[in-house]
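You will see two complexes here that share subunit A, one where it goes with subunit B and one where it goes with subunit C.
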Partner chain A sequence: MLKKLIKYDFRAVIKYWWIAALSSVVLSIAGGWCISVFASEKELPEVLYLVATLVAIVAVLGLCAFSVLTIVFVYSRFYKNFFTDEGYLTFTLPVKRSQLLNSKLIASMMASGLTSLVIILDVAIAIFIGLNKYIEKDFFKEIWDELVGEVIRETGFYAVIYLVEILLLVILFTLFSTLFVFCCITIASIIAKKAKIITAIGVYYVANSVFTFVLQMFWLFCFDSIGNWLYDIPKNLTCPVYALIMLTGILFFGMCCGILYSLQYWMLDRKLNLS
Partner chain B sequence: MKKILSIIFAIVLIFSCFAITAFATDIAIEENDNYDYFDTAYYESQPVITFSEDYKKMYVDDVPFSRFDATMLSTSFDYEVRVENERNSSFVNSAYVDLTDAQKEDLAEIYIETNLAQNMYRVELLFTDGSSLIVHFIDEEILDDYNKVVSGDADHYIVDFLYPEANMVVTEKSALFGTTTTYTVEDLTYTYDFYYVEATNKDMSISLDAGVVFVDGDSFYYIDYKENNLEHADFFYGNSYADDKEIVVHKITDEALVLDLQSALEAYYDDDYGIFYDDDTSEAISAIFIIILFAVLPTVLFVIFLIKAIRGKGIYKKLYGTVAALCMAVVIVFSILVSIIYPVASQKTEDEIIGSGDDYVIIDTEYEDDIDWYGI
Partner chain C sequence: MNILECKNLTKSYKKNVPVLSDFNISIPAGRIVGLLGPNGCGKSTLMKLISGLLQADSGEISVGGNPVGENSKALISYLPERTYFNSSMKVNEIIEYFETFYADFDSQKAYRLLADLAIDPKANLKSLSKGTKEKVQLILVMSRNAKLYLLDEPIAGVDPAAREYILSTIVSNYNPDATIIITTHLITDVEQVLDDFVFLTFGGKIILSGNAEEARNENGKSLDELFKEVFRC
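Let's look at the complex of A and B:
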């Protein structure tokens, strides 16, 4: 049943998403042309620079709008499906509430992943079209050697562990952000009878401010000290220490996700008043 | 509820409007700054710079500036320069350069920097044929001051304790030179922190890095660059000197100066600003913060969720149990991490204290000085 739920949730998100994705690809092609105009060594007419500037602005705004639209699609689906009249039907489906929540989470993660891939593709297209002439044959090999190759040479087997840990961190951070917004929407739907969306924005604003404040304090006080401590670590211990630091981060985010998930589930299960 | 939400919404809206207005004003100012070249009223407040035909003299609003050798002078202040339609966008102040027709034909771009008092200028001239010329100019009125400073006969020497600015000790050259001793480069650079000493004129508009002061126990020592044939950049940014090169060091014996230096140093440590620069305080705060975040908080959450898991039923038992397990996992991994890092960090601190005397305070005073003038 979960598969079916995911299918419908994903389909609902992707219904209009592909138009935005396709538009962003087209805009990235236009952006690539703009880069080629700016990078050109020839003397081009002034009007061409003006047009290229305008197109570049539209392309950048388009890319931003694409990622924002994905977020809007995901959260509006969550809100409509759970907290409007549609919610009454949703909760009468013969499925567990955890399955309903999981399907929303998985669909939103998939949409976020796809959006990230499309944005990376857009940037690659723009660079490839715009700087095609200037990219030398061994450019990517050199980049690989200098960036990734260097890390592999320095860290050996730990490079694989780092990669897995970074991927896990990215996934957990996306999950955390999604659950964070889901919780804000749910809290707003519980406490407000009307103007639920505005309340949700308010709740998000307050919760995000608290979260950001803690994060800022952490960086303000700890950034230099952590740097000092890490600087003192003997070379033979550097790799395992970095791996452990990332593992701590993963578990910490996992813990936060677990708490948010529990809170979200509890609110859906016990606090929701669909009447 | 509706009223409260309306008020919150109104506040957010008002602040957004302020932000947009500020942003738009900022853009408008920037636009005006960048593109309004021919607004004569705008130029009324800008200094007008002209050159003699051969660039041997420069005039800023008719005050003559002469060419000079600016090796090792400090403090610079960037100008955005406007020459016809040429412009540089990254500078913080502006001037209008009025060129003759011949100069307009020859010059492609001009970059100008000046000191805070605007009585010394560094001008980079880029010609249309691709060649370039860097010239330094000085206000003729302060030429004597300049010569005194670079010849080592400055009116004032400033020992600079960085933050806050009031922590500067102004003294005379003779007070810095006390009893002589020698240190090797290795003894110095790996053991002490250094505070800059600058030679300046009376109004402190010209300054030259003259040397450094360091503290060992209750004593202050001075190293003079000129005496040791050192350059500021060599001393601070990796030098090619052998570690066993001997440097002449003067123990400061002038009692008044020693007292001034002690009080300035104390003021430096006592100032609230210091928490960001005193590694001990900073590291203590960081350690407390990190322990709360990664040990205390997860432990408290572990207890709460464990109790909930024991009392809960069905899916709640699983959910709370998983969260409790994750909390405990955070604590365990964090403990392993601390058990690795703490012995290394504490060992290092111990080494430093042994190596640098009882009164040694770990403090990083090296900062990115403006070295635009070096090697010119």
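Let's look at the complex of A and C:
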């Protein structure tokens, strides 16, 4: 049943998303043209620079709007499917509540992943079109060798560990952010009779401020001591210590995700009251 | 065998104001039961509790021997007061959705009933009128071969012709081995289709229940007249 739920959730999110994705690709092509204008060695008319500047602004804003739209699609699907009249169908399907929640999370992670890939593709398209003339045959290979080769030379086997840890951190952070917003929407839907979306924004603002404040306090008191401690670490221990720090981050976000998931599940299971 | 059993069911939305208090009921299979009572007496809350939309504060609910959950929901076909469609879907997409999630859904029956009403399966749900959406929802609910149909105010707010269509659709399309529970306060319209009735008052107290035919014969009154007598202000 989870697969079926994911299929429908993903389909609903992607229904209009692809239009935004396609638009972002078109904008990236336009952005590429702008780069080519700016990078041109020839003397071009002033008006062309003006147009290119305007198009570049639109392209950058378009890319930002594309990410925002993905977020809007994901969260509006969550809200509508759970807390509007659609909830009468959603919560009477013969599936577990955990499956309903998991499908929303997985579909949103898939949409976020896909959006990230499209944005990377957009940037690559823009660079390729804009700097095509200047890119030499082995340009990308050299860049890759310079960047990745350097890290591997410096860290050896730890490069693989870093890569896995960074991937885990990205996944957990995305999951945490998604769950955080899901929880805010759920709290708002439980406490507010009307204007639930505005209430959700308010709840998010308050919760995010508290969370940020706690994190900043932590850094304020610990940054100095952690910094000094890192400075004193012998060179041969640098790699394992950095790996350990990232592992701590993974555990922290994993714990936060666990808490938010439990809270979200409890609210859906015990506090849900569709009007 | 009882298809539905509720034992000592209590539900409050606000502290110390129970909508249902220590509610008990057993409903056998193969009956059409009218859950009748004034507005706010807990009919819809009971439906929501049975269908798993709400959690009871205390007490037990068993549907076909299953506690409320994944298995009980597979046995229940629930028609809420509201239309629950994702309006960006088409009629045939929502039929596919039901087919995907309900093993007992008969899509051929659904398409046949849609054709009877000349509803285009390719129509967008958002383009349909409220009344047509309600009919589509009823068609979906009645196209399941469920064990228990929960119909919450199926004829409220519709014109007499639509009421007739709704009731005839319910009576001619339900699984005969199944039980139908209909909540309403429009008793005259549903009276003829009911096998049993339950009069519910505030706090979810049952003040009268039994066989509809026997009650009519014993009291020499219709259920509607009996209801008015019991709930006279």
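Criterion: the second predicted complex is superposed on the first by the 265 of 275 C-alpha atoms of A that agree within 3 Å, B and C clash if a C-alpha of one lies under 4 Å from a C-alpha of the other, contacts with A are read in each partner's own complex, and residues count from 1 in each chain.
By our rule, a contact is a pair of C-beta atoms (placed from the backbone, for glycine too) under 8 Å apart; a residue touches a chain by one contact, two chains touch by 3 or more.
What you see is a predicted model, and the numbers here were worked out from it, not measured in a lab.
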item	value
Room on subunit A for both subunit B and subunit C (clash or fit)	fit
Partner chain in contact with A:L272 - subunit B first, subunit C second, else both or neither	second
Contacts of A:V95 with subunit B and subunit C, given as first, second, both or neither	second
First (subunit B), second (subunit C), both or neither touched by A:K15	second
Partner chain(s) touched by A:K235 [first = subunit B, second = subunit C, both, neither]	neither
Touching partner for A:K80 - first (subunit B), second (subunit C), both, neither	second
Touching partner for A:M1 - first (subunit B), second (subunit C), both, neither	second
Partner with the higher number of touched subunit A residues, subunit C or subunit B	B
Partner chain in contact with A:L244 - subunit B first, subunit C second, else both or neither	first
Lowest inter-chain C-alpha distance for subunit C and subunit B in the superposed arrangement, angstrom	12
Subunit A positions touched by subunit B in one structure and by subunit C in the second	96
Of all residues in subunit A, those that touch subunit C in their complex	1, 4, 8, 12, 15, 80-81, 85-89, 91-96, 269-270, 272-274
Interfacial residue positions of subunit B with respect to subunit A in the complex	1-2, 5, 8-9, 12, 276, 279, 282-283, 285-287, 289-290, 293-294, 298, 301, 305, 315-316, 319-320, 322-323, 326-327, 329-330, 333-334, 336-337, 340-341, 344-345, 348
Subunit A residues touching subunit B - in the complex, by the definition given at the top	96, 98, 191-195, 198-199, 202, 205, 217-218, 221-222, 224-226, 228-229, 232-234, 237, 240-241, 244-245, 247-248, 251-252, 254-255, 258-259, 261-262, 265-266
Residue numbers on subunit C that touch subunit A, as the complex places them	13, 48, 51-55, 69-71, 73-74, 76, 78, 80, 82-86, 88, 97, 100-102
